[in-house]
Structures are given as structure tokens and as C-alpha cells.
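A quick write-up on the structure given underneath.
By letter and in written order, the chains are A, B, C and D; residue numbering begins at 1 in each of them.
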Amino acid sequence: MLGPRVWSSVRQGLRRALSSTVGGWASGEGRKVDISGIYPPVTTPFTATAEVDYGKLEENLHKLGTFPFRGVASLAGFVVQGSNGEFPFLTSSERLEVVTRVRQALPRDKLLLAGSGCESTQATVEMTVSMAQVGADAAMVVTPCYYHGRMNSAALIHHYTKVADLSPIPVVLYSVPANTGLDLPVDAVVTLSQHPNIVGIKDSGGDVTRIGLIVHKTRRQDFQVLAGSAGFLLASYAVGAVGGVCALANVLGAQVCQLERLCLTGQWEDAQKLQHRLIEPNTAVTRRFGIPGLKKTMDWFGYYGGPCRAPLRELSADQEEALRLDFTSNGWL
Amino acid sequence: MLGPRVWSSVRQGLRRALSSTVGGWASGEGRKVDISGIYPPVTTPFTATAEVDYGKLEENLHKLGTFPFRGVASLAGFVVQGSNGEFPFLTSSERLEVVTRVRQALPRDKLLLAGSGCESTQATVEMTVSMAQVGADAAMVVTPCYYHGRMNSAALIHHYTKVADLSPIPVVLYSVPANTGLDLPVDAVVTLSQHPNIVGIKDSGGDVTRIGLIVHKTRRQDFQVLAGSAGFLLASYAVGAVGGVCALANVLGAQVCQLERLCLTGQWEDAQKLQHRLIEPNTAVTRRFGIPGLKKTMDWFGYYGGPCRAPLRELSADQEEALRLDFTSNGWL
Amino acid sequence: MLGPRVWSSVRQGLRRALSSTVGGWASGEGRKVDISGIYPPVTTPFTATAEVDYGKLEENLHKLGTFPFRGVASLAGFVVQGSNGEFPFLTSSERLEVVTRVRQALPRDKLLLAGSGCESTQATVEMTVSMAQVGADAAMVVTPCYYHGRMNSAALIHHYTKVADLSPIPVVLYSVPANTGLDLPVDAVVTLSQHPNIVGIKDSGGDVTRIGLIVHKTRRQDFQVLAGSAGFLLASYAVGAVGGVCALANVLGAQVCQLERLCLTGQWEDAQKLQHRLIEPNTAVTRRFGIPGLKKTMDWFGYYGGPCRAPLRELSADQEEALRLDFTSNGWL
Amino acid sequence: MLGPRVWSSVRQGLRRALSSTVGGWASGEGRKVDISGIYPPVTTPFTATAEVDYGKLEENLHKLGTFPFRGVASLAGFVVQGSNGEFPFLTSSERLEVVTRVRQALPRDKLLLAGSGCESTQATVEMTVSMAQVGADAAMVVTPCYYHGRMNSAALIHHYTKVADLSPIPVVLYSVPANTGLDLPVDAVVTLSQHPNIVGIKDSGGDVTRIGLIVHKTRRQDFQVLAGSAGFLLASYAVGAVGGVCALANVLGAQVCQLERLCLTGQWEDAQKLQHRLIEPNTAVTRRFGIPGLKKTMDWFGYYGGPCRAPLRELSADQEEALRLDFTSNGWL
């Protein structure tokens, strides 16, 4: 974790840089990274008193890491502090400490994509730099959202350009309209794809026409698209995505990796059958029951789910039953 | 065209039937039809004074019918009175006359799917029966929409069951939220898929997770899903759809059929490349510029597009230029 | 009711007029009408077999007409074929016949505002002319909605100008976004307010900032704004509206007229208390339970409510209980 | 500003309290405060390098405080860290320091409502306690929003109850759907109105039916409703609101206070005329051009507006002209 002195000096430097012209200082220029593959967005375990439980975090990672899906197919790495990581509920220190711990627990060949988005450009740059310092391989930067009514292409292009200019690690755009009320416009994505330090986008909107268009319009760049959910993973591969960040991979990681393998090897019929059986469980741990649903399912699958931080609430008994049904009826429990 | 006397007697019979219990009289029971394949939703040509131009309609059909896509791939048939047919602007007589003319112009081996949806259940039944009488092979029934706030699953299940009970021809559900503000709920689709006279759905929403789920949940029925737009046609095939109703097929019919063939023969890489080049032209003639855009493009491609009925307006010069760019930049003009 | 011959000749004339330049022939020029006051939007009674029950319609009107609110406060008239009249479920003949019957049952000093909106401009003009012929004092014209994605200001201005040019009776604009997905833009309203044959707007959106702005921007015209619901009637008067079309006035007509009187005489404290007690009942018979809720309540209050046409459905027992509670808890039952 | 040690001890105590049962410790029980009146939501001035400019903040407050609207009508106080204060762009320290400075600059008889909402319940409690320590009279707590899909009534009631239980100062609910995508449900407001430490709500949604209903349903509590914008201030007073938090009062403070006075003294005709002239300027500095528009206008009216923090952007020349027109056309510039 960064001490206050380091922070202060980091900030001073960044302020100067931030007031310079956009594009002036591209720290990460040229160093592209291959982000293809499947990533579970790691949840943040909490104790009964809502403290981050770093021990449980490491246990979960260990279990995920020793998964039987080595060999034929395996996770490319982990997303830390995505929407499923409850990042808006963590302090800056907690956000960094969680990434630090994940980095320590992770084999070096697994990528660590760290969510570093904040509301202001300045805070996002600071968080991105800090994430790099604690070992993130790339920064996944969600669109600012509180003032989404003013977040047009010009504002978002400026924001991401500044962040990418000043980030020591490659940047992945992150569009998740269900949370932010904002879809990163395709024209902004296309412009940003030309930045040497922006390597791809995680698109959680589920609009496969849009995903295909992004792949098409960025085909001359080395730009990679990750599906933001397992529900449209096959379709995304079909139109040119190279991987996915899938909440469902926290519990059905082997299956999601298997789906990836079937798509990559052109076994579309088997892929389709598997995809079909993953849609309802996936919806259940995302849109339908959210993080409380995902964590409850983790408890069932031998991980530590545990409570969410308030104001997120536990599922009711009825909801829990419906959640379970979405897994059992598809043969996963 | 039906005379007033015929109408009156048809109506009397239907009223009786409509007041009977749902499910009581399934006229079309058991006669399923294979609706797989590509369908252009035919536009309705108008003269300068906004009369239906039946001559131009026949000319367009003739040109579409003699297309070079015989052999390797060809159209399965035509949708008449879909959203692109400006059906809400036609009188009941015009709707029937258009279908009559298309039936006459069409080879018998081409399917004619006729849009017969109206706001009330009764009117929809009457129109469906009449469409059958003038030669439609199946009825495509859009969700009622003016009171969409009250169109829950129960209301829609009741509506479609009545229509399917009384329809002499198979019924295709039609969900087009961009026009109706209403997505036919998946649970309603699943229930309705069990009706012997309901053979499939045209889904224009573009949510491929939903399409996959519908295919999955109706897998034990003989139920067919058509993508409602060329923008997500490949992705829909990938998750189990069997065809598409594609506005773009009015002008790039050969290409859309070629995309179908590539999907069906498992040539996914080529399919992807072709799909990519169709997204922008497709968006241009649908969401972006609507029917005025589609008709303008038809003029360019040797068909008769002509004016729309008011209140739809012609494109401005700027819009026309943007429309053209969406075709030229993808190599189609 | 118009015979087929009359219709045909009416249509021929209109077609010619429609192809002329907008603004060329303003039939109703200069004849403004005072539409201030309270109007119940009359429901259409149906028999058990879903035929229009004209007898019940006349009984309802008679009861409403002999209401104790003569003298101190009284209804300005009736809206026929508004959204509450289930007009999308009626044939053209039924629409005209209902208006004919209401005209006959109504004292001459009560205004009859007839909903004449259709999807196409041409059909709207025809219906408006016919409504005038059967005795409507003004035509209330809902925005076309199926292609709402293309209904920008230019399209709507053109549509309403044509209708107003050709209408023998004054035109009232009608914006009801809950049904149409479309708010008639303020700039279009301001432009249209300058047409000599457009006298006002019924605004059902409930955005009182917008209502105030419309009053302000049309202050130099003789343009009148009616609130489209009793829930924001007081607030609308406060910002300059001159009346309301209120579903609730079908059952609590005296109370709504009393609210009008309190507003007009500046008794704002009493008005506020009364307004407060009307919000929940009003929401119950509009947004919450729709026309089935309104008709059920009419049954309770001594009118004939009866069934709706399908696909609208009766309330469940639970819904009925909740509906009743919204009236009892506010002291109205 | 709180040192790290104080923070740490504050946090420890709060954690314990937070894990206790809801309702167990109501620190602020019984101490209601009168929040009626007009409040400008203070903007946060930044230097050219995006540092908080505390000097300019004090200058602005001084100018606002010596306004000619003493006597006949005057500001009740100031909202600090509302949406217009760019609070999502400030660090916790900056948020507290800004409130500290405003407290010092403010006469004791002016209320200071401090925005203390954060995403997590825990962070919100901590910030609320800190706001109290630096002199806030009440805490205005925005709804958490990132996971708005899960923020149902139960979650929000639990959140606000915890905050109100542990807050040393009265709590004002804050619903601003344009930013949060979330309308605090009326039933939750009604339940929360019974908490002894919750004194009111700032409602920025502009739905006056809802505002009237909240006033009505909380009439047995000592619960106060503030309109969240000047555009519907008159209408809100008409249905029972007791004041407003109005961005426009930062530049037209005298006029907004005059409008309040006209409403409170029953001069509704004059109030209406004034209200009308405020709608366009108000929309311009809120929904249309946001904080950049408000700050630009402040520059024109003799205050320091200055730049926003990124990613908010300055207005273009065209936008600036449109903004100016909204003031000049209504006679304010």
C-alpha cells in the first residue's frame, strides 16, 4: 500500500502532467498486451463486520487457480475491482490492497486486470498509476457515470486519452450501461482504439451488433474486445471478440473455459449447446440477483461468497430458491 | 378483396368463437410449416399522391425474384406488412390487397408471411383469417402496443392463444420493441411455443442472449426463431436461429443469403467478414434512417423505393449523404 | 354514420388537398374555441361479447350530465375517443358512431372533443373531417406513434399542420408519452400554436416544468393547455393551464370540478388538500391499473364500466382490492 | 480537516455501531430542524490546474451573502456538495475542507446542508459524522447509485435508517434520478419519514404528482419537501413543498427568493409570471448545459465560475451562445 508521502509526490507529478496537452506524454506507448481469454471478475470477500477478508480472498484465488481446467483450457487471468468486486464500496487503500494481495497469490503467467476507474479524470489517473505500482498488468477503466448526461464522445475521448497517456500499463476501456447508464459510443471507441496505450474494451452491454461493429471498425488497430458476460460469449466470439470477463466463471470456470475452447476450435454445435445451458445461471448471478446472487452461488460451489457491503442486501429465501433453480434446471447443481 | 357481405359473415362467426374459451377451437392444429431462411420485409410503394402503387410492387417483386441468388442460396419468401411495409398507414382493404398482389406475383414455392397484427384481439383475428383467405402461408403477428403498459405475459398469452386458435394458417410471433416499446416476455414465448398453431417468432430486439434463451427453452417444441434484422444475423444463427427477416435483403438480398449459407455450412470466418460489412448498411436502413432510408437505397439499387406516406418524411440531403457513406465505406456502392 | 359513397368522395377531395402545399388551405381559420374546463374522457362500454353497448354509453352520459356539480362548478364537456375510450380497439365506423351517439345525448352547451388521431396523416385528416361531420366541436389529435423513432419536430409539425389546414373544426394537440413513447417537443408545440386552427394541447406527461414552459412560450397566441390527468391538475393550473382531461372525472367528477373551482378562485390551501386526496385514486385508474381499473371503479360508483376489449384484461382479485384501498384510504369509498 | 488518527477511531466506533441492529442507537433522536426556504447548491471553484480554490469559494459566498434580497426575502442557507458541487470529483478531505470553509464564511443563522452521500452505507455514515464535526447543520444524503438495479425499497430503507441512526445531525433524503438512474420510491420515503432523525427530502425529479403524494402521505410526520430545481418551484409550493434547492439561485438568487415570497404570500399570478421567466434559464444551467453552464453563467453574473474538473468539459462557443440566449430572451441579461 502506498504511504501518504508517496501519494503526495505521485499526485504532484500527475497534476502537472494533467494540465499539459492531451497526447503529450504517452508513458506506455507501444507496449501492447494480449488480453484474449477468460477472466473471472473476482469478488471481494467481507467478514461478518464488513471488513475485507484478505484470507478468504487468497483461499478463493487458490481454489480458482488449481482448477481442473488447466491443460485443455484455462483462465487467462483475473479482473480485480470490476463491478462484481464492489469497488465503489472500497476505500482507495482497500482497492490497492486487494490488488496487491491478488498479485501475490497469482502465478506470474496469469494476467491481472485491475479496475481503476473513478469519477474524475485526475483520480482515475492516480488510481491507475497506483494499480500499476502494485502489480496490475493492465488497467480496466469504467466510464465515469454520475454526470452521464454530459459524458458525450468528446468528454470520454478526452478522459480516456489522458488516462492512457499517463498510465504506465495498458488500458482496457470498460462499458457497463446497466450500472453507469452510459454506453461508451462506438465512434469514441474507434478513436480511442488508435491510442498506443489502449488495447481493448470490455463491453458488458450485450449488444452483439455493436460488438461486431467495434471489431469491424477497429480492424486496422491491434484492438481486442472482451464480452462482459457469459450470456453472450459464444455470439461475441462469432463476431470477433477474443475473450470474456464473466461473473459466472467464478463458479463455473471450467465450463466457461470449455465454451471458449469450443468456439476457438470451431465446434459451434457443441458450443451452442453449452452456451444455452449457461444463459440462465449467468443471468441469475448478474442482472437478476446481482452480486448477492453470485456470492451465494460461490458458497454453494465451495468458495467463500459471504456477505456484501451495505446497501447491498442478502437474498431472501424465495430469491435463493429461484437462484438455485436456475442452476439445477440446467444441470449445474 | 373481401366484399362487405363476406366481412360481415366472417365477423359474426369470429365473434362467437372469440367469446368461447381459449384453446377450444384450434383450426390450424398440427399443420406446422418450415419458416427457416431469409425474408425481405417488402416495402409498400406509393405514388406521388400517396396511393399504393401496385404496379411498382409487382415490378419490385419480379426483380427480387429473378435475383442471381438462385442456386447457391435463395430467399425463402417474403414478409408483407411488417414494420417496413408501413402497415399502420394502410387501410384494412389496402393491407389485404397488397398481400393478394404479392401472392399472385410470387412463385408457389416462396413463402408469404403476412403481418396481420392489430391493436385488438378481435381485429387481429379477423385480419389473420382474411390474410389466410388471400393466400398468406403464415401470419406474423406483432404485439399490440398502444397500451403496452398493461401488456404483461398473461395478456399477451391470451391474445396470441386466441389468434392462433382461430387462425387457419400458422402464426409467427413478432416482437419489435423499437416500435412497440414492448419485448414479448420470454416466459410468454415459451408458453406460446407449445400451441400447435404457433410455429416461431421474429425477434427484432437484437438481444442475442434472449434469442439463445428462447431457442434453449423451446427446444422440446418445434419452434423456430428468426432474427429480425441483418445486423445480428450471424450471431443469431450461432445461437440457434434458423433465419432472418432482414430489411437489408431488399437491396443486398444476395449478400444476406450468402451470409446465411456461410453460417449454415460452418464457414464462420468468412461469415464474420461478411457480417461485419453488413452492420452499418443495415443500421442505416433500419434504426438510423428508417423506411425513408430503405426506400432511398432501393432507388439506388434499381428497385422502386419512392416516397413514404406522411407523417414519415424524406431524408434531407445530409442524411442521404450519410446513408450513402454507410454503403460505400463498406464496399456496396 | 357515413356511407361508403360519402367516404369515397370525401377521400378524393382530401387526397387532392393533401398533395397541395402545407398551409395552403386553412378551412378552419380564425374560429377559435374556448376549451377551458374539466372533461372526463368517456370510456366505451362493451357488452359481454365485446360489442359496443350504445345504450350503456347513453346511460353513463345521462348520469354524468345530471351530476350535482351544476351551478357551482360543472363539466365543460366530454372527450370521446381519448386513450381511455379504447379507440385503438374500435373500427372507424365504431369511432364515428360513438361520437354520433355522444353528440345526441349531450346538451349543446357541452363541448365534445373527439379523438381523431390515426397513424397516417391522411387517415387522421379523414377521421377529423368525419368527426366534424358527426358533431364534434374540436378534434383531439394524438401523436402518431408506431414509428416514434422518426417522429421529430419537423415530421410532427408537418403532420399537425396538414390536419389543421384541412380540419373544419379546431384542433387540440394530444401528447401522451406513456402510450406513445413520444413527447410532442416543446418547439413543435410553439410553432404549431401559431396555426389559426390549432387551439391548444392536452398534455398527459405530467411534467409541470414543460407545461409552464409551453404556457410561457405560447403566451402571445390564443393557445390553451389542458392537463391530461387529475394527479397534476392543481399544479397545472398554478402554472397557467386552463383545464384538464381527467379519467378520474368519470367517477369523482364533482370533486375534480370542485378542485378546478378552488384553483380558479385562488383558494389554494383547500385546493391542495383536495388535490392530495385525489392523487392515489387518480394513479389507480390511470398508470397503475389502467382502463380496467377505471371501468371497475365506474361499476362501484353507479356507472356502467363493464369489460374492456381484449387484449386488455380484467383486474385480479388482489388488484381490485388494491384499487379499492386507493379510494377508501382517501375517503372516497 | 480530520487527521488520520481521528478518522481511525471514528471508524472503529462506527463499525461497531453499523453491525448492531438497525434502529438501536438514534443519536439525533428528536432534534428536528426547520429546513424550509431557498438554498443555492454551491459550486466548487477550481484553479486552472484543477485545485480547489478556497479563496474564490469564500468570495462567492460573501457576494451571495450580501445579496440585496435581505429583508423581503432571503436565502435560508446553502447546500454544499450537492450534485452541482462536483462532489464525486473531490477527495474525502476536499469534501470536508470545503464544508469547513463554507461554515466559517457563513453567518450562524444560515443553514448549511452538507451532501454526505457515498456508495456504501459505511462510508456514508463516516462522511455524515465528519460533516457534522466540521459544522454542517444537516446532512443531505443522495441515494447510492452504482448498483441502482438492486436499490429497491428494502435496501434504501436499511441504508438511510443506518445513516440516520448514527448521524449526529438531521438527515435530508436526496433523490436525483437524472444523475443516479434511481427514484427513491414513495413507499420508502413514507417509511423513512417516521425516523426521528430524518427531516425531509430534496426531490430533483420534477414529478409534481409524486411531490404532492409525498407531502400527503407524510402529513402526520414533521417531514419537509424541498424542490430540487427552480423549474418546478412554484408548482411544488402549490402542492405543499416548503422550499427549494435551486442551482439557478447561484446567479438569480434574488429572483428565486422573490418567487418563494410570492408563493408564500399567495400572490399566485405574479408568481406564475416570474416562474415562467425562470424555466428556460433554469433548464439551461441544469439539464441542458449542466455545471459547465452554471459556472459560465456565474462568470457573467459577477461570481467566480471557472473550470470544472475533468471529465466535465467547457461549453463550446455555440453552446455558450445558446446559454446566453436563454437568459437574454427572458430578460435576465
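What we mean here is this: a contact is a pair of C-beta atoms (placed from the backbone, for glycine too) under 8 Å apart; a residue touches a chain by one contact, two chains touch by 3 or more.
Note that the coordinates shown come from a computational prediction; the quantities given were computed from them, not determined experimentally.
Q: Which chain's mean C-alpha position is the greatest distance from chain B's?
A: Of all the other chains, the one whose centre lies farthest from chain B is D.
Q: Using mean CA coordinates as chain centres, what's the chain A-chain B distance in Å?
A: 38
Q: What whole-Å value do you get for the distance between chain B and chain C if each is reduced to the mean of its CA atoms?
A: Using C-alpha averages as centres, the distance is 33 Å.
Q: Need the CA-centroid distance for the pair chain B / chain D, whole Å please.
A: 51
Q: Mind pulling the chain C residues that touch 2 or more other chains?
A: Answer for chain C, listing residues that touch two or more other chains: there are none.
Q: Taking all chains into account, which pairs touch?
A: A-B, A-D, B-C, C-D
Q: Residue numbers of chain A touching chain B in their complex, please.
A: Answer in residue numbers: 206-209, 212-213, 215-216, 219, 229, 231-232, 234-235, 238-240, 266, 268, 271-272, 275-277, 279-280, 283.
Q: Which stretch or stretches of chain B touch chain C in the complex?
A: The contact residues of chain B facing chain C are 4, 15, 18-19, 48-51, 83, 88-89, 91, 119-123, 144-151, 154-156, 158-159, 162, 178-181, 287, 290-292, 309-313.
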